[in-house]
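Both of the next two complexes hold chain A, though its partner changes from chain B to chain C.
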Partner chain A sequence: MQSLLNQIPSFFTYYNVMLLLWGIGSTVLLTAAGCGAGFVFGALIVLVRITKTIWLLPIKIVVITYVEFFRRIPFLVILYLVLFAAHAVDPTLSLFGVAVVSVCLLATAYLSEIIRAAIESVQRPQIEAADSMNFGFWRTIYEVVLPQAWKVLLPPATAFVIMFIKDTSLASQIGVIELMFTGKILANRSFSGLLVYSVILICYFVLSYPLSRLAAWMERRLAAPTGTESQRILRTSAGFAGYQSYG
Partner chain B sequence: MRDISLTVEQGEVISLIGPSGSGKSTLLRAIVGLTRPTSGEVILDGVPINYSSRRSLREARNRMAIVFQQYNLFQNMTVLRNVTVTPIKIRKRDRREVEQEAAHLLDKVGLADKHHAHPDELSGGQQQRVAIARALALKPEILLLDEVTSALDPELVNDVLDTIRVLASDGMTMLIVSHEMAFVREVSTRVVMMDKGSMVEEGEPSEIFNAPKTSRAREFVGKILRHR
Partner chain C sequence: MNYTLQFGVVFRQLPYLLGGALITLELAFIIFWGGALIGLLGAVGKTFGGPKTRRLVNVYVAFFTNTPAFVQVYFLFNGLPDAGILLSPFSAAVIGLTVNSGAYLTEIQRAGFASVRRTELDAAEALGMNLGQSVRYVILPHIMRTIYPPLANFFIWILLGTSMAALIGVEELTGRAVNISASTLRSIEVFIVVAGIYIVLTLIATAVLYVVGRIFFRVRMRVL
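And then the complex of A and B:
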């Protein structure tokens, strides 16, 4: 313990802090790339799946197979798979590039299912009502489905993003310099493992905690539009007290 | 469903009665194109509706409105927005004019003070009256009412029925599916009895209820009267 405390001044040198920041940046970038691509391509997959036209059938089969497959294999396996596939196709692809492709593949598969569940939570009669009034496909999605699906989407989507921040640590296994890997580098420099990984832990916490607060805030905001003014105030104060009895 | 032939004249109020599962609601849903029939035609002003043509279906839907058993108000919109969204966004009409009309309609159904409420804050009866106002805002030539009181608490039924009575006296053409026999008898110009997907009998309310010609209608009416 004494040696650990003694190490602290020599641990937080300019070089080490820059390395940690590099790691954090890399982790954030991987998460952002994965989740960004995941939301865009996930939404496209859902669009393909809910569109009822026969000529989309081949594409539907492909995307369903992809989603079901990639949700069932470990992220580490995807990483190695992409690594070796990349070496066969384009040996110049960097390790970071491999990791980006991997996180996109994984996040798209998961997020498409989360988005689909949210869209399908909108009850069929809501869509029929819109249909009977000539809303058309896009107008129905925009005016009726999305505003209602949003609330259902938010909690699992945030949970996924937070989980995903942690999952990107697996990219360290193929040598991508993200937060976990910077930990390994520092530990190899004969700093106390306890000290190094405690710092890494704090970094992960700092990354994910604001996100969960943001999500909680957004959920309260989104819950507000329905309900009377007084209910809204009650709900908000109940939210602050950490007690949520309103659905 | 088979053997259905029905002509509705302007200003008529036609009620469809019959046991559950006899195809009354399915008929209404087929007319607005929510359920596709395998064969048969719906002719509007001498022109058959082509349900596989988007344009034809859109034109037909622009002339009718349906009110559902479960109201189906848009949960994400206020009462006023529920009533105005289609005229403004789909029909591209002037917002102020539409909102004035909507206010008038909501007043007519007794909900002048609920413009900014959301559907989940209203009782079933109130929601159903909003749904009727929403349908009327479309200025339909024919209004289809699908068991509009079946999901309501008994004490709320009359508010909705009163609203429909006013519409009937205003000369609105309506096709009503209902289990409220006293109401059907009072408000309808004609009654159609359905069973197992077919029309069994058709006639004036007094004929159907007092002197049904077919044995199936006699049995059904007999049961209802016994229940009262």
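And then the complex of A and C:
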């Protein structure tokens, strides 16, 4: 324990701190890329799933299979799969690229479920009313569904971003230089693991705690009139919102 | 791209992989029930405890839900030896993931407590139910209806989450997959098969949980 305290001054040198900051930036970038792509593709998937046209059926089946399968594979296995598959297809793809691809694959699957839950939370009569007023598909989405759905969407989506910040720590295993990997580097430089990993834990906490407060705040502000207390806790707290299958 | 997939080598190792799947299930069970116990304590503390207990539980939940489970496990396995505590990979994974899931399960069970309304308890009392009866007929059905779907989902989440135990050397499904890919160099095939096993495992778990929920708690979970 004494040696641990002695290490602290030599731990927080300029270069180590820069390394940690680099790791934080990289983690944020990875999360942002994954969640950004996940939102776009997830929204596309939801659009495909809620349309009723028959000729989209094959795409629908593919899309549902994709979502159901990728929500049932651990992120680690997806990472390994993408890593080895990428090496077979294109050996020049960087490790960061591999991580981005696998993050996008996973985020798309989960976020599409979150978006779908939000859209399905809009009550049926609302859409029927829009139908009876001869609104088109896009107009219904834009003027009826979205204004009501985004309130339900935001808190679990934020909770999901938190989950993703945490999940990207697994990417350190294939050698992507993000926050956890910088921790491993520092631990290899003979700093005490106790010290290094405590610092890493604190860094992750600093990254995701504000977001979790934001999710709780949004849930209180936006969905308070309709949601019960227990729904509110469930939709924001956990940060594994994508795994929830209730509407 | 001139890579041909050859599954033969992997399929010969299937019993070994399925043994790993069994360890994965075992880990998931231990972690889930351990976490549920911690979560019950936490939820009781947060709902009925004084300000100090509540703050303690809040800190616990905030810390463990806002830091990666992987880093927590890694901390236990690679950090604690410096403090003189040596843990085996299996126990490090179990302890780390149990404490981690305990934080989530605290929130889930707290949501269950929050779903029981004061007026319903009053109604039960007005009907002359004693404590046992009101727990049996009023409180538990409410709590279970609220928390059964998230609990079921959380079990699936733990089932997938145990894969990170492989990274500290527990030979469960993913760990064994890494072993096979190292010895046969058929990495893509191994991980495709393992992904398939995970999908089948979670599908079975979902089906079982759906049926149990339907029969015992009259909960209709959304499946697709």
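Heads up, the rule we're going with is that the second predicted complex is superposed on the first by the 218 of 247 C-alpha atoms of A that agree within 3 Å, B and C clash if a C-alpha of one lies under 4 Å from a C-alpha of the other, contacts with A are read in each partner's own complex, and residues count from 1 in each chain.
Note that in this section a contact is a pair of C-beta atoms (placed from the backbone, for glycine too) under 8 Å apart; a residue touches a chain by one contact, two chains touch by 3 or more.
What you see is a predicted model, and the numbers here were worked out from it, not measured in a lab.
Participant: With both structures superposed, pick whichever of chain B and chain C touches the larger number of chain A residues.
Facilitator: Comparing touch counts on chain A for chain B and chain C gives C.
Participant: With the two complexes superposed on chain A, say which partner A:220 touches: chain B (first), chain C (second), both, or neither.
Facilitator: Neither partner.
Participant: Quick one: is A:60 in contact with chain B, with chain C, with both, or with neither? Answer first, second, both or neither.
Facilitator: It touches nothing on chain B or chain C.
Participant: So which bits of chain A does chain B touch that chain C touches too?
Facilitator: Residues 228, which sit in both footprints.
Participant: Quick one: which bits of chain C touch chain A in the complex? Just the residue numbers, please.
Facilitator: Residues 1, 3, 61-63, 65-72, 74-75, 78-83, 104, 107-108, 110-112, 114-115, 146, 149-150, 153-154, 156-157, 160-161, 163-164, 166-167, 174, 177-178, 181, 187-188, 191-192, 194-195, 198-199, 202-203, 221-224 of chain C touch chain A in their complex.
Participant: Which bits of chain A are touching chain C when the two form their complex?
Facilitator: 1, 4, 64, 68-69, 72-78, 80-81, 84-85, 88-89, 162, 165-167, 169-170, 173, 180, 183, 187, 192-198, 200-201, 204-205, 208-209, 212, 228-231, 233-234, 237-240, 243-247
Participant: Which residues of chain B touch chain A in their complex?
Facilitator: Residues in contact with chain A: 32-34, 58, 61-62, 65-66, 68, 70, 72-76, 85-86, 89-90, 117-118, 120-121, 138.
Participant: Which of the residues in chain A come into contact with chain B in the complex?
Facilitator: Against chain B, chain A makes touches at 125-126, 128-135, 139, 143-144, 147-148, 225-228.
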